[in-house]
Amino acid sequence: MSKLTTLQEAMGRVNDGDTVALGGNVLHRAPMAAAAELARQGRRGLHLVKTAGAMDVDLLCAAGAVASVTFGYIAYEPPYGLCQFFRRAVQEGRVEARENACYTVIMGLRAAVYGLPFLPVRGLDGSDLIAARGFKKVANPYGEGEFVAIPAIRPDVAILHVQEADELGNGRIGGPKYEDALMAKAARRVILTAERIVETARFEAEPDRTDIPGFLVEAVVHAPGGAAPGSCAGHYGIDDAQVRAFQAVTGPEELGRYLEQMAARTAHEGVSR
Amino acid sequence: MSKLTTLQEAMGRVNDGDTVALGGNVLHRAPMAAAAELARQGRRGLHLVKTAGAMDVDLLCAAGAVASVTFGYIAYEPPYGLCQFFRRAVQEGRVEARENACYTVIMGLRAAVYGLPFLPVRGLDGSDLIAARGFKKVANPYGEGEFVAIPAIRPDVAILHVQEADELGNGRIGGPKYEDALMAKAARRVILTAERIVETARFEAEPDRTDIPGFLVEAVVHAPGGAAPGSCAGHYGIDDAQVRAFQAVTGPEELGRYLEQMAARTAHEGVSR
Amino acid sequence: MQYTIADQMVVCLARELRDGDTAFHGVASPIPAAAILLAQKAHGRAVTYVNIAGGVNASPRLAPSTDGPNMLDGTASLFGLTDIFDLSMRGGLSVAFLSGVQIDRRGRINSSVIGEFDRPKVRLPGGAGSAVIAPTCGRVLVWRGKHNTKALVEEVDFVSATGNIDVVVTPLCVFRRVDGELQLESIHATSSLAEVQENTGFPIPTREYPVTPPPTAEEMAWLERIDPDRARDQEL
Amino acid sequence: MQYTIADQMVVCLARELRDGDTAFHGVASPIPAAAILLAQKAHGRAVTYVNIAGGVNASPRLAPSTDGPNMLDGTASLFGLTDIFDLSMRGGLSVAFLSGVQIDRRGRINSSVIGEFDRPKVRLPGGAGSAVIAPTCGRVLVWRGKHNTKALVEEVDFVSATGNIDVVVTPLCVFRRVDGELQLESIHATSSLAEVQENTGFPIPTREYPVTPPPTAEEMAWLERIDPDRARDQEL
């Protein structure tokens, strides 16, 4: 019954070429330990999906794991500047930048949740994104108006870091929720990493606070510090030194050492339940 | 700043001919006191919206307040049978039955939330509802498939009964949530009736449990017993005798007496905060 | 052993569930609710049970209403009607329990009107979610609390819903849809072929039919725990 | 009185807000966050403040990131990015704060690419929500932490977003869009017409322009409380 497993095993379930939605937003509650483990395992050709990504996307681009990114915004917030690995990979043609508005990522995920190949969307008027992305239009069959049709985005897997999970896969998010619950519903499979593994009774006591229903989840990893060096509400803030250390990485060997250090921190802290 | 007002004043804000979404489901957490007050005030020509309605819709039909009902299901659950006032009003041509699937009511409300005149929907294949309701279709611009387009349902007002509200309009629902939060976002205006009025600090302590954000709400009514004779989770169950007393009503005078009795119960219990 | 027709219907429906199923029921559905709980508890089926009120693998004490707060008892998350519809639309709902006022030979359901849609002779409750669930979920298990020629008809007055209807369970018998038509599969021990033929609006070939296996003692013991107030009898 | 350029920009933006506004900012927006809080607290404006993290009329202690948990401090409900977008789409968002790497004479924004979209010379962060917010919200208030001829251009390389852009506030001045074109409205006391002309990629007519009213003592006192760590300076 238990879906608890190791980070290594869980990330082994992600295949080369998969479409992977990453929870959290910029440097907050992103599944950093999971991203580092995917990089460490040498995953290739991933199609990442995120509204606003930062170090998670940048790290996977640095590791050469990424084929495309579907996104609204990929950059750090001040004072960390742009995601240089992502930027260079796009400029050199190694990664396809499937720019959306953040909302059209959301509408694409909603289309998948609703079992539809597309959803119409308001907005985008006058934006060159329509032509650049080849978005088509649909007419309102009841009256005036044409609307851009956003193709469904159905991730093969959503990887989400939450504050609390149980062994059945129920997940509770503290602080900002971002698009995690939507991703969990849109994706074919869901993997949770969690700061704490708690008893199911805790979810049963307040089921209205469960953000991710367990039956949608296939694997749960106890990963304290799993959003570091980004923040995790109620647990830790941004680790400035470690973000800067990553940004200063040059070359695969340095990246390898950085990833091993990240793995060691999670493994160490992750021993006890 | 306070949005607290009386039931009479709040229901006075609903106009003849308005499209009115009613929260709750069948005999659970429906805004019964509000519906009775609308009936008592002699409102006419209302266009009701609900996925699964029961005595709320039946009572407003009995009072002659209704022009149409957009719904998936209008009936009691066992042992109370059909909504006879609704049924007769439709059969006699006094009320238009805009039957949907419950899901197409939801998709119509979602279209309104997303600022769209329609949304495509999966399902409905082979159903005579498509022709009977005049639903049109849209083609998938990216490949195969045609989908029924559900026109937006934008209520003028959503009337929702909640367990707890504050004077700013924040609302918390206990037990099943049904479609209330969706209605609050789809409607132009929102009126809450609440079992208890609580301090805003209570919402600030657990903002993740607030179902209705206060800034969407224009009026809040302290209405303990406001879902009776239906149930309200954590407060009371179905009042069998009062449901049956309503079903036994014949003629406008009896209905008038029934409504006055409902009003008296709410007013009496509603004196203190 | 003593059992009611509702008990027989519950047991027939429960036996349809399989390991790995995700099963849904809506309002006014004590018989399906009891069936899902029976499959989980008595038959040990690994079924994910989602109900209209939002419960996920809840363990409610059943009541005639299957949409109230009790339907959340023991749930660890909320997954309400909107979520369940979405799940079906994206192919994630394997079993739905639906009913209808009329059910026809082809397994189509009418819960909308008798007569014209716009000015009906009888306005029925409406198909609730059936129009979108029937074509999108894996298998539809239909139950109907009455079996007469008005309920089981040659052709429905109005198609509220049609789609993946697999089984129809009534107080008299079990039909299974084969090649697009309902075929009599078994007759309850409490009924007879003559009674089924007389009360069905389409022809039932005269031949030998199996007797529906009645509830076992173990099933009845579980039903007593799942539904001690016998909400399931209220449907008939 | 001592104040920074960021203080001046905050104050300019705050003064644009009106009673009844519902105002939004996204990531990397300490200057807009400070402006909204200043309008509420110093100017007593009845503004509903929604932020990307989900806060409604929150009172955060500001940090360089405007998307973290602190943005929920004091909120009584969660109304996150998805809800805010929906709100704008249905006409319920009156003010949005947007930025861009390039802003052109017509008030169009580019945060996508320099060069070709598919193989850009410089890949920029992306327009985030601006492409859908700019055409649907009531008024867009644009701020930009740099004012040079690469930032304020005759024509953007790529139109990430265009729409209801009303005001552009830079470290040097304030533009307002009139008849579809940015017009210089006032020059900050710390700058000059010559500096604006030199650093702007489209012609600025030579004439008298008002001096932007600098921050008042009261505004500065409030800013000290709203943003004691001076997150707003990080943008410049």
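The chains carry the letters A, B, C and D, assigned in the order they are written, with residues numbered from 1 in each.
Just so we're on the same page, a residue touches a chain if its C-beta (ideal position, glycine included) is under 8 Å from a C-beta of that chain, and two chains touch if they have at least 3 such contacts.
What you see is a predicted model, and the numbers here were worked out from it, not measured in a lab.
Looking at chain B and chain C, the chains in contact with each of them are A. Two chain pairs, B-D and A-D, are weighed by contacting C-beta pairs, with A-D ahead.
Per-chain Cα centroids separate chain A from chain B by 37 Å. Chain B and chain D have centres, each the mean of its CA atoms, that are 40 Å apart.
As a whole-number value, the distance joining the C-alpha centres of chain C and chain D reads 57 Å.
Between chain A and chain D, the centres computed from C-alpha atoms are 28 Å apart. Contacts with at least two other chains are made by residues 114-116, 121-122, 177, 208 of chain A. The set of chain C residues that touch two or more partner chains comprises 72, 78, 88-89, 136.
A complete list of chain pairs in contact reads A-B, A-C, A-D, B-C, B-D. Residues 25-28, 51-52, 71-75, 77-79, 82-83, 86-87, 90-91, 93, 97, 99-104, 106, 121-129, 132, 174-179, 182, 231, 233-234, 237-238 of chain A are the ones touching chain D in the complex. Per the touch definition, chain D reaches chain A in the complex via residues 26-28, 30, 52-54, 64-69, 71-72, 78, 80-82, 85, 88-89, 108, 111-112, 117-133, 135-136, 158-163, 231, 234-235. Those residues of chain A that touch chain C in the complex are listed here as 112-116, 166, 168, 170, 185, 200, 203-204, 207-208, 210, 212-215.
Chain contact summary for the complex, chain B toward chain A: residues 107, 114-122, 136-143, 145, 147, 149, 151, 177, 208-209. Touching chain A in their complex are the following residues of chain C: 22, 48, 56-57, 72, 74-79, 83, 86-91, 136.
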